[in-house]
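Here it is: the structure, laid out below.
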Amino acid sequence: MLKKEDYFKPIDKRVQDSEFIALKPKSFAADVWERFRENKLSLFSLYLLLSIIIIAVSGPFLSPYPYDGMNSSMTNRMMSIQHWFGTDQLGRDLFTRSLYGLRISLLIGFISTFINVGLGMVYGGIAGYAGGKADMAMMRFVDIIYAVPSLLYIILLMLLFGSNVRSIMLGICISGWIGIARITRAQVITLKERDFSVAAYIQGASSFRILFRHLFVNALGPIIVEATLMVPQAIFMEAFLSFIGVGISAPEASLGTLAQDARMYLEIYPYQMIFPIAMLCLVIFSLNFISEGLGQALNPKDRR
Amino acid sequence: MIRYILKRLAMGVITLFFLITITFFLTRIMPGSPFDTANISPTMLETLERNYGLDKPLDQQYVKYLSDIFHGDLGLSYKKPGLTVNQIIARGFPITLRLGAGAFILALIIGIIVGICMSVTGSEINRGMLLTLSTLGVSIPNFVLAILLMMIFGVSLKWLPTLGLTTPKHYILPVVSLAVYPIAEISRLVHSSYTEEMNQDYVLMAREKGLSVFQIRFKHILKNALLPVITVSGPLFAFLITGSFVVESIFTIPGIGKEFVNSINNRDYTVIMGLTIFVGAIVIAANLLSDIVCVLVDPRIRLDKK
Amino acid sequence: MSLLEIRNLWIEFRTPHGTIQAVRNINYSVENGEILGIVGESGSGKSVSMLAVLGLLASNSVIRSGEILFNGKNISPLSPEFKNRPDLYEKTMKDIRGNRISMVFQDPMSFLNPLLKIGTQITEGIICHTHCTKAAAKKQAIDLMKSVGIPAAEDRFDQYPFEFSGGMRQRIIIAIALSCNPELIIADEPTTALDVTVQAQIMDLLKKIADERNTAIIMITHNLGVVAKLCDRINIMYAGDIVETGTTDQIFYEPRHWYTRGLLESIGMNIGSGRVKLPSIPGTPPDLLNLNKGCAFMPRCSHAMNICRDYKPAVSQFNATQAARCWDYCKDRADEIVAQQDKEETLQ
């Protein structure tokens, strides 16, 4: 309690300075995670995706049947205790095959995206940092490749190199990295003029170090959002290809080929189509919602 | 502005050239012969190869192919003798175009309306719902949607036909299957762009002038908000064309999409090549067109005399 | 009767981090034809109170209390006439905006629509309020453009904003503000984005407008040089409160509040001759989420006293035109003030 005689005495400096309250410092990652968590749908999708991945990876341990084990006495059976998803026209257990297909789809999606991000960041980073004629030439080159629909490349490659996982990934990676390259380049161009880059340069950091340590780290936001969108796109592309008949060949299977196999029997045995399609949709949905949530978490001013 | 258009045209031509070259060499190095070697004698094979010009060295074949294309000749089918690629295109493209254009226009109209609604609605619940719906829309692969729609409306409920394109009713399912993804994508784009514009300073200025809400929303904001939609229509059109591949297969519609899928399954290399180049050219043209429209519409680029 | 009178205006913003006290119970008035300057740092609440006059605040704002009297009529959304009738409020506002009170904004590039011709942007306000023909509006717009000093007005009528320089664009914004002959123009940092020579031209233009048309101008700025040249009276704002008010001479030559004195010293007034370090006000701008309970300026005041920490000083009127809110001048009323604020606190 302030006493009357003290009213007009000069204030103690320490008391005056203590009025400065600073916000608790929080790391960037923690901040982003907190914002991400607020979006219930995205959070749910993240858990869903993680569960799907765990199930897919542990597939072989969950099921007693091999994915290519044909059993001609058990063809086209509906769901039962022994066969949770039923069997297909060759007597193979659909549950196992679905899990197997899921693994392949996820593999293709994540690995090709990983490669694309790596390639794209390096190419875009160099183009953006170098600037000038080199930048222009690099981007013109990219524009030409980009203008052709990638589907066409992929189909040609599949026909050429055969229908396997490697061909599909190669096809997806031919032009998939371009989006990331453009984003990286745009970010690098903006960021290299910022004070922190100039400061690093003045301090004698090599271009390489500046690029990786400083610029990339700050550019990561939009790159991550784009990358999370590329995974479902790659999975979709593979499913699409398999569905039109250019995908992976038997006995290997992806969710797309399973759907393709089931097409002929659609009207009689719809269950054969439903399971792989449902899984495909779940994976793509959850990835898209995660990407949505990440986008909002990384850009707080985007939130309405 | 003219300079910009000419530059883009030149890029388009170079890209097309690149496409033709890549396609040519990739198909020519395919393993095996395009002909059914098991059932014909070696002399027959030689005659066939000579007829199709396959005995000449590769670079000569390339030049001949290029000049053929210049004259509008995309080659002959190997598997269906007597049928030229041009004929295949003439038969199938108008159909695919009708489907694609229909889906495109539908997507633009619905997408823009929904996008504006998402930005303008006062209810957070409505916006959240529409946003979730649009995310779902971009997540369903179009062939999955086509199959689902076919199963529900065609097979179970038997409300709509699923085979061919004879009556207007036949158009409904394929067009919807094609259009859902673009609708969702456009509405998200419009929502994000419109909301960004809504927060711009010139909107505050417009309100400060005392203009009506209607004027602000449509005269001021909409124009700016629609610019990204123009940019994206080129790639979206490309997506519709490739989407038509599966949709035509599922609904048995005789467009070039179905022809393309058939030629792949049959390994009919000239047709694959010819259709690839044709589809590629269409896509390149569509991208070029959307770039040009962008330039025309934005006075900042159009009037830039530098 | 004053042209515009603000009484007990209190505005808050609801944010995820807490409630920001943007404007805390301010009172002031503007007379016809006078130029009032409002000076303060970013976040002092100078723009917010003006946006409130025109009903242009963001959706997370709350006007807790206050009367806004325009020509005697209360146009605050809390007035009995508008309290539960947002539609009537909006209708009244639309009539006033751009018509009887208009604003000139800070950055002329972003406040003009890049895709519309400036002719359209000038005439739309005219047509909206006077319902005249397009041709008549065009003629009026061209006259306006000429009067604000835009050369070749007829040709430039059909041009786009990016085809003009910064100074020209600001003149266009001023032309738009003038288009319906308002009684009051609120200029929110109109010269901040322009370079110095252009600044001087714009200020001359504004002064000319005030003189010729007897339009009142509220000039919001953080630039004391602008204020010195242009304004008749000045309000100094800090952390959402008006800490001092007076004529331009009084503020510059007889500043009372320690913040005002700090501001003037930091631009070199009262320094005297010889080379000395340029003084500055210590500390950082106030955190509007957590303002000091007593005087908001206390943490940075070189003359702070114990009472400044816990109790807000009352306004002391020095003469007809000058007043300041500082404990240095209301020591004699300390007991009443303390008792009053203690009572208010227990009531909360």
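Read from first to last, the chains carry the letters A, B and C; within each, the first residue is number 1.
Everything below uses one rule, namely that a contact is a pair of C-beta atoms (placed from the backbone, for glycine too) under 8 Å apart; a residue touches a chain by one contact, two chains touch by 3 or more.
As the structure is a prediction and not an experimental result, all values here were calculated from the model.
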By C-beta contact count, B-C versus A-B, the higher one is A-B
Taking the mean of all protein CA atoms as the centre, name the chain whose own CA mean is closest to it.
-> A
Inter-chain centre distance, chain A versus chain C - centres from mean C-alpha coordinates, in Å = 49
Averaged over CA atoms, how far is the centre of chain A from the centre of chain B? Could you give it in whole Å?
-> 24
Express in whole angstrom the distance between the two chain centres, defined as the mean CA positions of chain B and chain C.
-> 54
Touch list for chain C against partner chain A, complex = 283-284, 287, 290, 292, 298-299, 303-310, 327, 331, 334-335
Per the touch rule above, chain C residues touching chain B in the complex are 54, 56, 93-99, 102-103, 105, 107, 110-116, 124-125, 128-129, 160, 162-163, 173, 176
Touch list for chain A against partner chain C, complex = 2, 4, 6-11, 15-17, 19-21
Using the touch rule from the top, collect the residues of chain B that touch chain A in their complex.
-> 11-12, 14-15, 18-19, 22-23, 26-27, 29-31, 124, 127, 131-132, 135-136, 138-141, 143-144, 147-148, 151, 155, 192, 195, 238, 241-242, 245-246, 249, 261, 264-265, 267, 272, 276, 279-280, 283-284, 287
Chain B to chain C touching residues, read off their complex = 200-202, 204-212, 215, 219-220, 223-224, 298-300, 303
